[in-house]
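Two complexes follow with chain A in common, the first pairing it with chain B and the second with chain C.
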Partner chain A sequence: MPQKENRQFLQGNVVAAHAALAAGATHFYGYPITPSSEILETWVNLVGDPAKPNKSPVTKEPLQYLQCEDEMTSGFAMIGSCLAGKKAFTTTAGPGNILMQDAFSAAEALRIPTVALIMQRGGLSTSTVIYSQEEVTLTCLGGNGEGFRVVYSPHNIQELYDYTIKAFNTAWKYRYPTFVLGDGYQGKMHGEVNLHTMDPKSYVKPKPILLSNKGKNKKSVNLRNCYDQEEEIYEIIEKYRKDFARDSKKIAESESLFLDDAESVIISHGIVSTAAKEAVGRLRKHGQKIGFWRPITLRPIDLPGLLKAVKGKKEIIYIESALGQLSRLINDELMSSNDNRVRNVRIKTMFKPALGISPRDITDFISKNVS
Partner chain B sequence: MSARRRPPKNKSSQKNSASNSVLPSFPKCYKKNSKPHKFCPGCGHPIVLKMLGQAIDELKIQNKSVFLIDIGCSLLAWDFYNIDTTQTHHGRTIPVALGFKRANPEAVVIAYLGDGGAYSIGMQHLVHATLRNENITTIVVNNMNYGMTGGQMAPTTITEQPPTTTAPFGRKEKYLGTPLKGPEMLEKIGVPGQYIARMSVDVPPQLKLTLKKALQHQMDKKGFSFVEALSYCPNNWKTNAAETIATLQKAKQEFPTYEKEL
Partner chain C sequence: MNCNLSDNQKSIKIMLVGEGGQGVQTIAKLLAKAAFAKDYHTSYIPNFGTEQRGGISIAFLQVACEEIVSPKFVDPNVFIILSSRDINRTLRYITKNTTVIYDKYLVKKEIVEKLKKQSPTVVGVDAFELATEKLSERSLNILILGILIGFVDCTLIEKITEIMDKKFQKYYDKKPELKKLNHEALTLGLNLTTA
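On to the complex of A and B.
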């Protein structure tokens, strides 16, 4: 069945809400925070009058929303709906992302397929409401956990739409809390987008986790987050580690350009990689042997893709609107390689925390710092 | 052995009905292999849980209930029943419960937590669940201290009870604030029709009745229902049996038992 096209010119946050609808989400819990609030507002409009709500185009069930009293409620109510077998999601940013880590940790511990759309704010604590890439560490590794999460970092509005749909299917297929990590620019900018229908082959049907077994000789499902034996919880973490390593091979994604003859490779993600891609194109027109690699999933990192991009190159250049939150994730992966052709690659960094980065900024930096 | 374990069916049911008339029966919804339970000797939780188990049996809702519990002593009940269960913390049990109920309105959803989770760190959830009249049943076991963490002062600690580890000179209200009265507070903000009650563990039949009414309230889709169970904690109160009962009697002066349909 072909996917139905629907071209529109829309704001990123509006697009993200439409993606959740197309993915078959039915339940939304949220608390307003700039720059993600329009996702909440758009979903509320998609639901319509709560007395006679519109139905999901995918499941034909009535759509629901709740504006909660805080982010903890949003996060944990989303967990509740997931336990009952519904595709539930939330959205937040900055200090809200911090509060919601409580729920995300619980989702990680119980393997609940929550979906959260994070629109990063700038800087530290309250800081700016515009943009940065400073919620990478928090989103990938936040809470008391081991990062058994999937984090997509889309780099334009079309990808925001496509990967939000994908996030729901990944979450329910593999049972990890799943995130789409956007930012204030992506959320607030307008752009052309194809709001196509979901490919029905990719659709993963949600199933109840509690009250799933209605048979007569029902054995209860008794889940918990609390353990009193060290060995007991160790075994569970070990199992999750193995599961995550296995599933990573299927989940991890990356994109590369001009790697074959490149001597240096730019590594960036999200909206910064849009600028980086443009910059690489311009530099190659001037004969510079430069390549490009970006992780689409920040958790898990596409390790084979990364090693291929880095192996035998002279240097890699990290470009981030943060002080190395992406590079720490990548360096960690590179350090696990025994191959000297990977470990001996020089590292350069262009970190502009909480600042926008243009293609011109990147070409200037490369001209000055890369031979 | 097998003959003893599996008595003829008719005999067993006769035995059950016989024990019903004399002693409260062992609830059918109990998960037997998790007994004896994990609570301290003398704890009030097992009384609340037994009465809740009987209420669930009598309403025949074992297979459509979800039992959601909080951090602290209540989490020891994670495998108490042969009922689908999960556990969170800090009063977030109420959001999990309402999220579940909104996604599965046919389920009977029970949020079971302590006075710390419900009245302190997760207070906003209780307040807003009441205001929105969420169709769930919330049970708060009030033992007037933080039991699991070693007996610290709670929002419900009263001056007349034995000292807590963080109010070793007693709760001097001038310095440490006044005790919080949960049901009375919810009454003030509640929506007409809500069921709000406080009962205590020293009167198990009445406690069972209030729990049953609260669950029935939810099953009738009448909105939020709330029961506070005033409870014992001899281990942290450091009281013997007589002092434990005396402390509960003093607590009843501060926290009177009652029920109300708003």
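On to the complex of A and C.
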């Protein structure tokens, strides 16, 4: 909880832009789309006069932005900037997220650190500009890649700030395209936040990726994105798989509540988790032995945390504003376990695609469906 | 923190339902900012479609003495409705404990009947008529804001006036009479609740 004296009441998108500034980002490329547009607008205001731009509080470099002609250009312009050694980011939503997958796949293939702030809007396709949790699969596993990406799912405005800062440091430390997966409610709502400064120790300095400092002379680095033989790319993917498995142990995060005596465990993520937390609190006051677990990183999933939450429980209840996009990720992890105390846990689902979920929606569902 | 919510409540959940252009989001934001400035915990979610004007526009507002965990709710204490549009989408939010306030001119009779089936506390107000007769049609949303203050904390009126005047200063510069109209609309609305 932020210190009272530092609290501010701000829109989520404004908070996300301030987080990028606090993280040491200097360059922004994007194309506006509701419900993420205010991130672009706020960044433009933070830059000030482009002829005499304001400077990053972290690096003292001038801040810059470019509103591109579409999302594909935005994604690749961001990549170009990151290759040149700048901390660049972008933001998008819905159909824009689909278009940017081309660039995100390239970043995944070449291990280029990038940060994208996604504010999920309603699916399918253009749909609503309001809200959903229907870009989980796309953000975690989009493009023609294998999901060597980091995806944070913050659950409130404070976490949107904190994990946006963290996303920049994770991306540049481990060199994966990194995402902060918010949603239309988080982006457009006003809430309380403490805009603290970043711990300087966590800052990872970017450097030009296409230049090597090895030896006396700087040499250019060729990042290869086209292979002749299937064995060649297989070896690369195998290396990435091992790297990702190794790094996942340090990156993956989750949060749990009341697991010790819980017979049933609610699993949710993002803003739905706030409703789930409140609902679990209410249900426990009425003696229900119910617990709570949420992945903070959707890629990679915190497997040890998940297994601890699920092992030996009677049932898990997935709650999502989508038709099972989170549950597919989690079920996949659970099925990889050999432990029957994990594999035999009963599954219940409350899926409300593109619809907001309140604490009462959850308590009503649990009362009717969980003994 | 000096918690002074009406009827000694610990928290109040308000849902404002109108259509684009009526100023529903503006007044929700003004109230939220004023409540936050007075040390209440506050959250506000706007909810609207792609239309600039005419589409349904909803605001979910919470003011509380304790930390707000979940910003979305389906059981408002107060439901204010200023339009007959798309009512079936929002009826489900009204519970038996919800106080429903509707505008007598803007909300059709058949809609009022539907509202009454959801809650025993349904109250009509002449907000639109009062605004157009005594002030101006554009004062409607500020008059509604005045009504809302009565449901939250009457002492918020000074802070709201301060934030509102700052927000609308550029309009006041062009039309100085707007400031007086807004102040009168706020008081008129508050008097409707406290009467």
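Rule of thumb we're sticking to: the second predicted complex is superposed on the first by the 356 of 371 C-alpha atoms of A that agree within 3 Å, B and C clash if a C-alpha of one lies under 4 Å from a C-alpha of the other, contacts with A are read in each partner's own complex, and residues count from 1 in each chain.
In this section, a contact is a pair of C-beta atoms (placed from the backbone, for glycine too) under 8 Å apart; a residue touches a chain by one contact, two chains touch by 3 or more.
This one's a predicted model, so the numbers in the text were calculated from it and none came from an experiment.
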item	value
Superposition on chain A - do chain B and chain C clash or fit	fit
Touching partner for A:I357 - first (chain B), second (chain C), both, neither	second
First (chain B), second (chain C), both or neither touched by A:F76	first
More chain A residues in contact - chain B or chain C	B
Which superposed partner A:V129 touches (first chain B, second chain C, both, neither)	second
Touching partner for A:E278 - first (chain B), second (chain C), both, neither	second
Touching partner for A:I98 - first (chain B), second (chain C), both, neither	neither
Contacts of A:E192 with chain B and chain C, given as first, second, both or neither	second
Centroid geometry (CA): angle chain B/chain A/chain C, rounded to a multiple of 10 degrees	120
Touched partner set for A:L307, first chain B, second chain C, both or neither	neither
Lowest C-alpha to C-alpha distance for chain C against chain B (Å)	26
Residues of chain C defined as touching chain A within the complex	29, 32-33, 36-37, 39, 41-50, 67-75
Residue ranges of chain A in contact with chain B within the complex	26-27, 29, 64, 66, 68-70, 72-86, 88, 102-103, 106, 110, 208, 210-211, 214, 218-226
Chain A contact footprint on chain B (complex, rising order)	31, 63-64, 66, 68, 71, 75, 78-79, 81-90, 92, 95-104, 107, 124-125, 127-128
Footprint of chain C on chain A - complex, ascending	1, 4, 9, 34, 128-131, 156, 185, 188-192, 271, 274-275, 277-278, 281, 356-361
